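What follows is a set of notes on a single structure, which appears directly below.
A, B, C and D label the chains in the order they appear, each numbered from 1.
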């Protein structure tokens, strides 16, 4: 007997329906949003005249400075995350033998996703501030006379504060892809005479590339839109795109926010395309998931 | 290749490496690298948890925003319990989280198990994962304009749900895909051979194998929804979720830090064992290798 | 040739493992195992899964660090502390472990590349190695475009190209189908003969071991139970386990009685059976032993008065048609004995007796 | 122009999308905010500051229940919800910074106040300085709202750090915030253009350093001058940080990270709880104050829902002594009919100190009224002002 649930689990219609719904819920709204960057808002009302004013004002208002700054900060943090996360993920996937330790670390990496970022970030101010713990201790120890003001409300503070929150998104995909690499490959490489470094360069890195790309994407997207950490630790000196978008939306400047968002999305698209092209040798994006199938 | 060329009998490989190469060999063979890799990562983890622990300690402090956890008090927890205003948003968020989790589990499972069977899954995958690449505020604003202005629908819990689903589903889908792509479809053929109907095949063979991913999808769905603010601000209509409540309170000209700190501590205390248990089961109990 | 090689190898073994012990947690995977292999020898390590054979191989290659080890020499040099990457032996892995992101040629070149061999040179040698395994035209293919047998040969070429002193093969034919497996056996033997390399070959298939090896080491539960030439192990299994593992169909529990004219005598119920004593040590009277005889060595007689040795009466049991031959069961006082009948003219219903030659019968300790 | 902020255009709506969206809307568990409330329930929307910490006090004395939907202090979000989100369909009373009626009144969202409504008993005795302000009437002088609370915002400071009288009665010039060497690198300024740019504008205008007609509604040119000055001071290192939230204000003061900060008055109150009484003072200034006042408005769509009497009863409550006393006690904010607040406190046995504080709140507000005031949340040139202020933020 075939109940309705038979159809429910048969794949035929699932993907087409999902695709249509998802285009409606995600793609169409985003396109409309981009269209909004060409209209104007006056007295909190939309004026439907096509205009480039919003785009011009990106330059006038100095918002483009924050675009450049955002790119710089994003690049630096992403680089730091890769440098720390890749070795860590490698250790976790291949070096760590205890399943309990693995489970514990994965848990610790997951929890921060679910906590309010502002309350976590505001705590740093009590630690990095002029009368914070670090300055107090250093002064007590006689290492410095004056509190180090650059610890807080500076680019340093923003970078420092962003390292931890954006770490898990880099570790997870890399870890996942590394666990999928069969130990046989690593042993074959060693057996054929490769040093650990050579195995890393010739075998592990190429095979982990999809995970690294995913990690970069998952880390860069929220970084490009970050506003909590720069807002709370940058002291107004490290204004990033996310804050700019937020400020525009707060003032109901949808067109400006739309233009800024379009910039963010375009930047991400360029980056993604570049990454995908690099991967092209190994086939389409979908192949990321297939490459490692045995 | 001559036969003689291959019959050399030395203990160490005959194609000797150069001096610089052997320096790199020695360097890369150093056992300390693993320790460095491990500890750098652990330092970042410590950086993550110092603020959280601090927050937990400060939730017991009479002066939560200052640097010193003194005097100790349970006042904040008392005022959290005494102030009923957060209860309704909390329930809204909790129920919303459950619904989003359920939707994520069902949709991610259905879509996730279908994608690997497609010949060219790239396009669908890209569309499905698009929300991961769009900043939260932007997605919220875009959905608001679309639903409210173009579709002229009244916003409310349902539109928050849409916003949350758009946010959480890509994560859930990725989770399911990880297992689904490695799933051996010969198992299903075997089951079919044994006479199992579609539903039975799914329920008896596929589901148990995919269960960890499905549970994970639900868990992520719940927690991402429970903590979501940026999209909810736009899509709330007149609903208030827990993060919206916190956001409103931050502008109410009275300090909400005590409440927020103690609430975050409670969330931490609840999620830590929950997630820990989940991953422990996933790694230690279900891992057959 | 083989005996000359062995004589030479006994003096200067290319591989010498002494007292290797390995534990995985509480499990003893290898228990003080010592092996040697002569230059140019085809040595097979045979055993069921979990017998420790793969662990032994991985200790030789350096991929596993043994818990305890007296010494490990390759070409006379102690390599116990040399990492796998610097040992002059390469492995053909069970699942080949061909790098999925490289072409066939890149896979084969890999061992040369990591040694810093110049591009032109390594291309040349990789091409040669591929030609050697008859894949000369597949240099630029992707690994996933190859068939199972082709992958196997790529793995061989990859392992050979660095000119190792010893080639380690870990059940390389396990993943192939029957026909391909037989072809590859021939090909491997051919390669071995051509290159004169030392092969250490791991398998759980007695048939593979018998076909290919100069010498077989049979392992069980982390220990060596018997080693010798294929004929030796096949004809004179030292224990009941070896006899069983080598496919001796009829193994009958018996009591040892003593020696008679150089043959051992064992009692099974009311019967006395004579055969070769194969145990390492002499048994005492009354010891539990097994009488073993291969099905193809069991013969039938229509009447019981020809005076055959080891003769007993029987009735017809189950008949299984096998094409080339018939597996014929026979019910006797000793239990069911299976025989292999090549003569299709024989009518099983007329059989009344069976017997076997004393030389074809072994008596093994338990 | 349609009545929507982001008005509908003719678009081809994808059938699948509509079906999906409608399907979700219709599914159980997603029912809308119930429209038909019992008439003793008033639905309100706006800033939470207008709510007493314990709102059940109101229920006890009026017999009404308030179903409150809060929002934060963003005028953008608020305007969006009132105009685009049709909250008038579900909500009766709206409370936000006065000034919104300039736009929402003439466009028909806020109902004109019926000053003679029988339930509005306290209207007559409420001082004109509270009820007849620009914050509650549109430009044509039509009255839309009743006053709720208000204040003149300035800055908090540590008297010892800037050498001022510790009793806090000194009038401090705004220059102390912007260009004093005593506070160089020890200042925090609010990021908000609405607050900070108009304050800077007022300072420049009052000291004849710039030609500004109305610093609460500056033209692009004027706003540019203000932003340029602010950028110059930022580059000179005047500001330790820029803050955004109330919690930040409290933390910056209580950690003594800064010496002077333009903040909300309750922030100094909170900081003093941590630091010790009266260590931080909220400034009386030389040049004037950013004036804000929350107004309560009735939505036009609420006029014929049958609970208008109760709505006016509620509006009246915001001017009552009970509300006054609690609001002043909890946040230090004043409002109309302070005297009724004192009366209420006395009648209900509040301590002498509490009553003294109530009186002080009134004195304080009256003292501020002597100086110029500015502030216009729905300024005509808000877009330009915001745009120019971005240059300061991005610098």
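Please note the rule applied: a residue touches a chain if its C-beta (ideal position, glycine included) is under 8 Å from a C-beta of that chain, and two chains touch if they have at least 3 such contacts.
As the structure is a prediction and not an experimental result, all values here were calculated from the model.
K.L.:
Chains in contact with chain B and with chain D: which ones?
P.N.:
A
K.L.:
List every chain that touches both chain B and chain C.
P.N.:
Where chain B and chain C share a partner, that partner set is A.
K.L.:
Of the chains present, which has its C-alpha mean closest to the combined C-alpha mean?
P.N.:
B
K.L.:
Quick one: report the Å distance separating chain A from chain C, using the average Cα coordinate of each chain.
P.N.:
That pair's centroid distance is 55 Å.
K.L.:
Report the inter-centroid distance (CA atoms only) between chain A and chain B in whole Å.
P.N.:
That gives a centre separation of 13 Å.
K.L.:
Averaging only over C-alpha atoms, locate the centres of chain A and chain D and give their separation in whole Å.
P.N.:
36
K.L.:
Measuring from the mean C-alpha position of chain C to the mean C-alpha position of chain D, what distance in angstrom results?
P.N.:
About 89 Å, centre to centre.
K.L.:
Would you pick out the residues of chain D that each touch at least 2 other chains?
P.N.:
Expected reply: 6-7, 9, 17, 21, 74, 77, 80, 245, 247, 251, 255.
K.L.:
Quick check on chain B: which residues sit in contact with 2+ other chains?
P.N.:
Residues 13, 15, 25, 29, 65-67, 145, 147, 150, 162, 257.
K.L.:
For chain A, give me the residues that contact two or more of the other chains.
P.N.:
23, 25, 28, 122, 126, 129, 131-132, 193, 195, 198, 249, 254
K.L.:
Mind pulling up the chain C residues that touch chain A in the complex?
P.N.:
On the chain C side, the touching residues are 61-63, 83-86, 90-91, 93, 95, 97-101, 110-111, 113-115, 158-159, 162.
K.L.:
Within the complex, which stretch of chain D touches chain A?
P.N.:
1, 5-7, 9, 14, 16-17, 20-21, 74-77, 79-80, 83, 103, 185, 189, 191, 193, 234, 239-242, 244-245, 247-248, 251, 255-257, 378, 380, 382-383, 386-388, 390-391, 393-395
K.L.:
For the complex, which residues does chain B have touching chain A?
P.N.:
13, 15, 24-25, 27-29, 33-34, 36-38, 40-42, 44-45, 47-52, 54-55, 58, 65-67, 107, 110-111, 113-118, 120-122, 124-128, 130-139, 141-143, 145-147, 150, 162, 165-166, 177-178, 181-182, 197-199, 201-202, 223-224, 226-227, 243, 246, 257, 260-261, 264, 267-268, 271-272, 275-276, 278-280, 282-284, 287
K.L.:
Touching chain D in the complex: which residues of chain A?
P.N.:
Contacts found on chain A: 17, 20-21, 23-25, 28, 41-46, 48, 57, 60-63, 65-66, 118, 122, 125-126, 129-132, 149, 152-153, 231-232, 235-236, 239, 243-244, 247, 249-254.
K.L.:
Which positions of chain D touch chain B when the two form their complex?
P.N.:
For this pair, the touching residues of chain D are 4, 6-9, 11, 13, 17-18, 21-22, 24-25, 27, 29-33, 45, 47-49, 51, 53, 69-74, 77, 80-81, 84-87, 89-91, 245-247, 250-251, 254-255, 264, 266, 270, 274, 330-331, 333.
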